[in-house]
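Each of the next two complexes has chain A plus one more chain, namely chain B in the first and chain C in the second.
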Partner chain A sequence: MLIAIGRRLNLLIITLFILCLGSYVLAFLFPGDTLTNLSGTPPLSADQSHQLQLMYALSEGWFSGFWTYLKLTLSGDWGVSLNSQTPVFDDILYLLPASLELSLYAMVISLLVGLPLGVLAGLKHRTYTDLGILSVSLAGFSFPVFWLSLLLILIFALQLGYLPMSGRISLLYDIPYHTGFILIDILQSDVAVKDAALKDALRHLVLPTLSLSIVTTALVIRLIRRSVVTVYSSDFIKAAYTKGLSHSQVFWRHGMKNALLPIMPQLAMQFTVLLTNAMIVEVIFSWPGIGEWLIQAIYQRDYPAIRGGMLAVSAIVVTFTISVDLIVRILYPLNKRQFYAQA
Partner chain B sequence: MPRPSFYQEEYYPSPMRHTWTEFQNNHVALAGLWCLAFFILAAFIGPMLVPYGPLQQNTDMLLLPPAWDINGEISHLFGTDSLGRDLLSRVIHGCRITLGSSVVLVLIAMLVGCSIGAYAGMSRGLRASVINHLLDAIMAIPTLLIAIIIVAILGTGLLNSMWAITLALIPQFIHQTRDLVRREFQKEYIVAARLDGASNQRLLMRDVLPNMVEVLVVQATMALSVAILDISALGFLNLGAQSPSPELGAMLSESLDTAYAAPWSVALPGAAIFLMVLSINLVGDGLRTALKKRLLQ
Partner chain C sequence: MPMLDIKNLTLEIDTPMGWVSALDKVSLSIEPSEIRALVGESGSGKSLIVKSIVGAIPERWRVTADRMNWKGNDLLGMSASQRRAITRNDISVILQNASASLDPSATLREQIEESIPAHRLSKGWFWQRKQQRLDIAIQELHRVGIRDHNQCLSSYVHQLPEDICQKFSIAMALISRPKLLIADNPTVGMETTTKVQILKLLTRLNKTAGLSVLFVSHDLLAIAAMANTMTVLYCGQTVESGKMSQIKRRPLHPYTQALLDSAPSFRRDLPPKSPLSCLDGTIPTLQHLPIGCRLGPRCPRAQRECVKMPITRRIHGHEYACHFPLHRGKA
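Up next, the complex of A and B:
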């Protein structure tokens, strides 16, 4: 077991290392001066330029240059943004919670809706219920997420006027920044109108979360349905019924455990899809998260920010996927066989 | 298929034929195929039929609603946008650009991905392990994110975004082909052919590839729907096709300014993308089910 965990951790570290290498190479690939792309400060004098050159060890060859970069990256010095001249790492830490909050809620909602529907469709395989759920989910993941959010804005914000169309919270409420998760911040803060602020933040959350979760829900339904169908057609379920177990006993003891565990890594993959979709949704809803910041950085050709944003987002994605994979492998006994066969 | 069976005259359909028969039984998928055929036809001959050019402006007819609206006119079936351009012409030209470029880039990605995947599937040892690990890492990153990174390097534009999405789609094909090739190479008919002295290359071309074609087609339809969504998403974010171009995503982002006054200029291009992706997904799903049924028999 230790060997298996070691292999996964090894993969994680190697992948993160490759990502770092990639982001270092990006500084050379981007148009413009490499030194400016790395540090984010356009050198004003020859002296300053020399100082930067020493800091990034560019003249000492590729290897030591990358080694220095790696050390700087690990210590949190990711250069400064070309436009705002604020440290990129601090910006990312400041903005990341907003994106994570949005994706997390969307993921929770998709699981809450998708899980029962997927199981229902799987159990009622080849009936009208199954067909109905399947067609709805097929339509659901054919939606371009940007069009969906625009339609939601057009209908609910512009025509009906029920919900606000952009931002995280109305400007009336001044919520101090603690964790970056707006709901937690409101609960922690000592604003006089806590209930009203909470309600307002929730109203701002509805449309972005909805447009994100529709697509993901559809994918979750399909994954779970297929897994349930496969498990229910296998012999051990028949054996359990023959043994005389009731429907609910088979369902809870044999069906669910075997249907849900193996698809956990695929479900985790949906979180990464969600995070990318969240970038588009953030742009549309002016949600102050990392996606909106990254896309603005691309418009303004702010290369240090692009580099840092890429590194942060892909590192989160990779870490998340590999850790879920690891947890599932530890929990799911059938996988152990594969482990040892490979190791 | 019930047929009068005289003597030994039994009818065995070929594998392709069999898949097609199964596919035809699925009426929803068939409807999707017709819808897709309509889009392909529109992309090929539509631009010759429409009366207006995609960039032709008509200042007398600004923000005209669609023909079914009370204020609409039949001369502009889908209405016009804020510069008086006919939306129907633009949507049809947009289908050509979006669908056409997606098909091209999926074909390129498939060709490259399958070659690398076949090589990876046949190689063993350290090389295979390195490719595997690298692939696992890249597969975890969503295609749109990779595409955005590549666009950031190459700069914006339709061609650059096409390159970006091609590169981002390749890992999926490598993964799929590698697994397939590896699985097929362990089967007995391959071992038999190998004992007859066939080389790896010959085994791949003559024996393994014909068995993989259908699975690869299913994979390609999935990649096609992803490609359409991504290319229009990049267009929407102004990272792909640039503004006057009638690419569907770019059209959407252009019509954002008048979204309140002219909601149809947002709704119609988006609906075109949605229908296109939906029909492709229906066909892909139908194909996959048909294939599974055939293999189960």
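Up next, the complex of A and C:
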């Protein structure tokens, strides 16, 4: 068990290290002055330039240069944005919760919808119920996210006018920033019109969450269905029936556990797909999250921001994936071989 | 009256070629406290019979039978919960592949305690029952020869060797004190001493507790040693059934003859270094079943009449299905 944990932690640290290295190399590969790309402040005088040179230890060879960069990165000094001259790290911390919030709700919804439907399709394997669910999920899986969100805006926001089409909350409400999660912030704040603000925020959430979760729901359904079908055709389910257990006893005691645990890492992997899709959706819905910010940075060739955003998003994805994998390994008694990542 | 009485059980499987009957009019009956052997080569449908008796087959397969009674009650006609009660309290099954038929994500303790029926627990509070369950489980494990019960109970399936899993399955099957034990190849792959212990245990339970056993196996020696009656199955058809001694002395069906001949220890007249006999060919696959008697293409005595399924004839409790039986005069 310790070996398994050690291996995963090793993987995590090495991957993060390589990401840092990649982001450092990016500063040299981007067009323009390397120092400007690293720090985000165009040097105004020779004196300032010299100071930055010292700060990033560029003249002392690439190794100590990277070492200095690593220390700065770990201490949260990621340079400032070329456009707004605000620290990149603070920007990311400020914007990340919005993206996480969106992805989290979309994930919860996909699981809430996908899990029962997937299990149902798996149990009713090769019936019309199964085929129906499968075709719906295939359709949902095939929609491109950007097209789907535009379509949703067109129908629900423009044609029918039920829902707002952009932003997190109407400008009328002034919610102080605490955690960055809008719903929590509203609940914590002491604005007079709390209920109305909450309702408004929820209305703003509907369309982005929906367009994000449709694709993920389809993926979740397919994953779970396959797993349930495999487990239900295995010998130990038959053996459980021969013990005289009822359908629900077999389902809860043997079926579910064995169907869900092995695909947990794959389900968690959907979160990273979600985060990627969230960036597209954020741009379309002008959702003030890290995706929209990063794409703006790319448009404006804001190199320190691109570098920081890339590092932050990939670090989150890697950390999340590895920790879910680790948790599942701890919960689920697998073959010893699989602890050593041989199978 | 037989305990379990099956007459013309047919199991049909939906394949791309249409419905194929994997079991074709199989008849089988088990008297109280008898050991009946079910013999046949791999692929003859032995395990399918076992699974259809306890209803552990996919719903999309078709099971039909003229009669499938448990102590006079029709198993196919009764409600699911009644049938479950019977499989829970009266019938126990040891499936083939012991390690694959145990849940990989639960410890063995959870699994064996799950199979203890309520009637083995005396009334008490739930914490007392928990202790009782553990005691019963340990006692049952000792009975099948698992000495290190603590290690066994706290392990997961993949942590134990196959023969411990097999013994564990036997313990789990016996824990409900069944009237009928259906053992599907329970001793396959065990070393001889362990095998003999298990066979002795089953025989003892049969003698003392009146346990009926349906013993499914290829192992003719083990069967000859413990079984009272025997049913021979070929490719989903019952070819012969009767008392062990009768069949051993004078098999009527050519297939039974071939089966017995293939076990050298049954043949006293076999001179040293003579070639071992066996039937040519292999058992047909489900996609290419011959019509009539399915042994036809491999049968040394086959004639034109064999394309029609012979009716089952019965002489002194010895049943056979063959147009040209051995030892029955010249046909």
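Assume the second predicted complex is superposed on the first by the 336 of 343 C-alpha atoms of A that agree within 3 Å, B and C clash if a C-alpha of one lies under 4 Å from a C-alpha of the other, contacts with A are read in each partner's own complex, and residues count from 1 in each chain.
To be clear about the criterion, a contact is a pair of C-beta atoms (placed from the backbone, for glycine too) under 8 Å apart; a residue touches a chain by one contact, two chains touch by 3 or more.
Please read all numbers here as calculations on a predicted model, not as lab measurements.
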Exercise for review: Check chain A with both chain B and chain C modelled on it and let me know: fit or clash.
Suggested key: fit
Practice item. Pick one for A:126: touches chain B only (first), chain C only (second), both, or neither. Key: second
Review point. Does chain B (first) or chain C (second) touch A:306, or do both, or does neither?
Key: first
Review point. Is A:18 in contact with chain B, with chain C, with both, or with neither (first, second, both, neither)?
Key: first
Review point. Given the touch rule stated above, what does A:174 touch, chain B (first), chain C (second), both, or neither?
Key: neither
Point to revise | Broader residue contact with chain A after superposition on the shared chain, chain B or chain C | key: B
Check your understanding: What is the C-alpha-centre angle with chain A at the apex and chain B, chain C at the ends, nearest 10 degrees?
Key -> 70
Point to revise | Partner chain in contact with A:47 - chain B first, chain C second, else both or neither | key: neither
Review point. So, A:273: does it touch chain B (first), chain C (second), both, or neither?
Key: first
Practice item. Note down the smallest distance between any C-alpha of chain B and any C-alpha of chain C in the overlay, whole angstrom. Key: 7
Revision key, fill the gap. The shared contact residues of chain A with chain B and chain C are none
Point to revise | Residues on chain A engaged by chain C in the complex (per definition of touch) | key: 126, 233-236, 238-246, 253-254, 257-258, 261, 332-336
Revision key, fill the gap. In their shared complex, chain A is touched by residues of chain C numbered 51, 54-56, 58, 60, 80-81, 84-89, 92-93, 95, 97, 100-106, 114-115, 156, 158, 172
Review point. Okay, in this complex, where on chain B does chain A touch?
Key: 28, 133-134, 136-137, 140-142, 144-145, 148-149, 151-153, 155, 225, 229, 232-233, 236-239, 249, 252, 256, 259-260, 263, 266-267, 270-271, 273-274, 277-278, 281-282, 285
Practice item. Provide the residue numbers of chain A that touch chain B in the complex, in ascending order. Key: 11, 14-15, 18, 26, 29-31, 135, 138-139, 141-147, 150-151, 153-154, 158, 269, 272-273, 275-277, 279-280, 283, 294-295, 298-299, 306, 310, 313-314, 317-318, 321-322
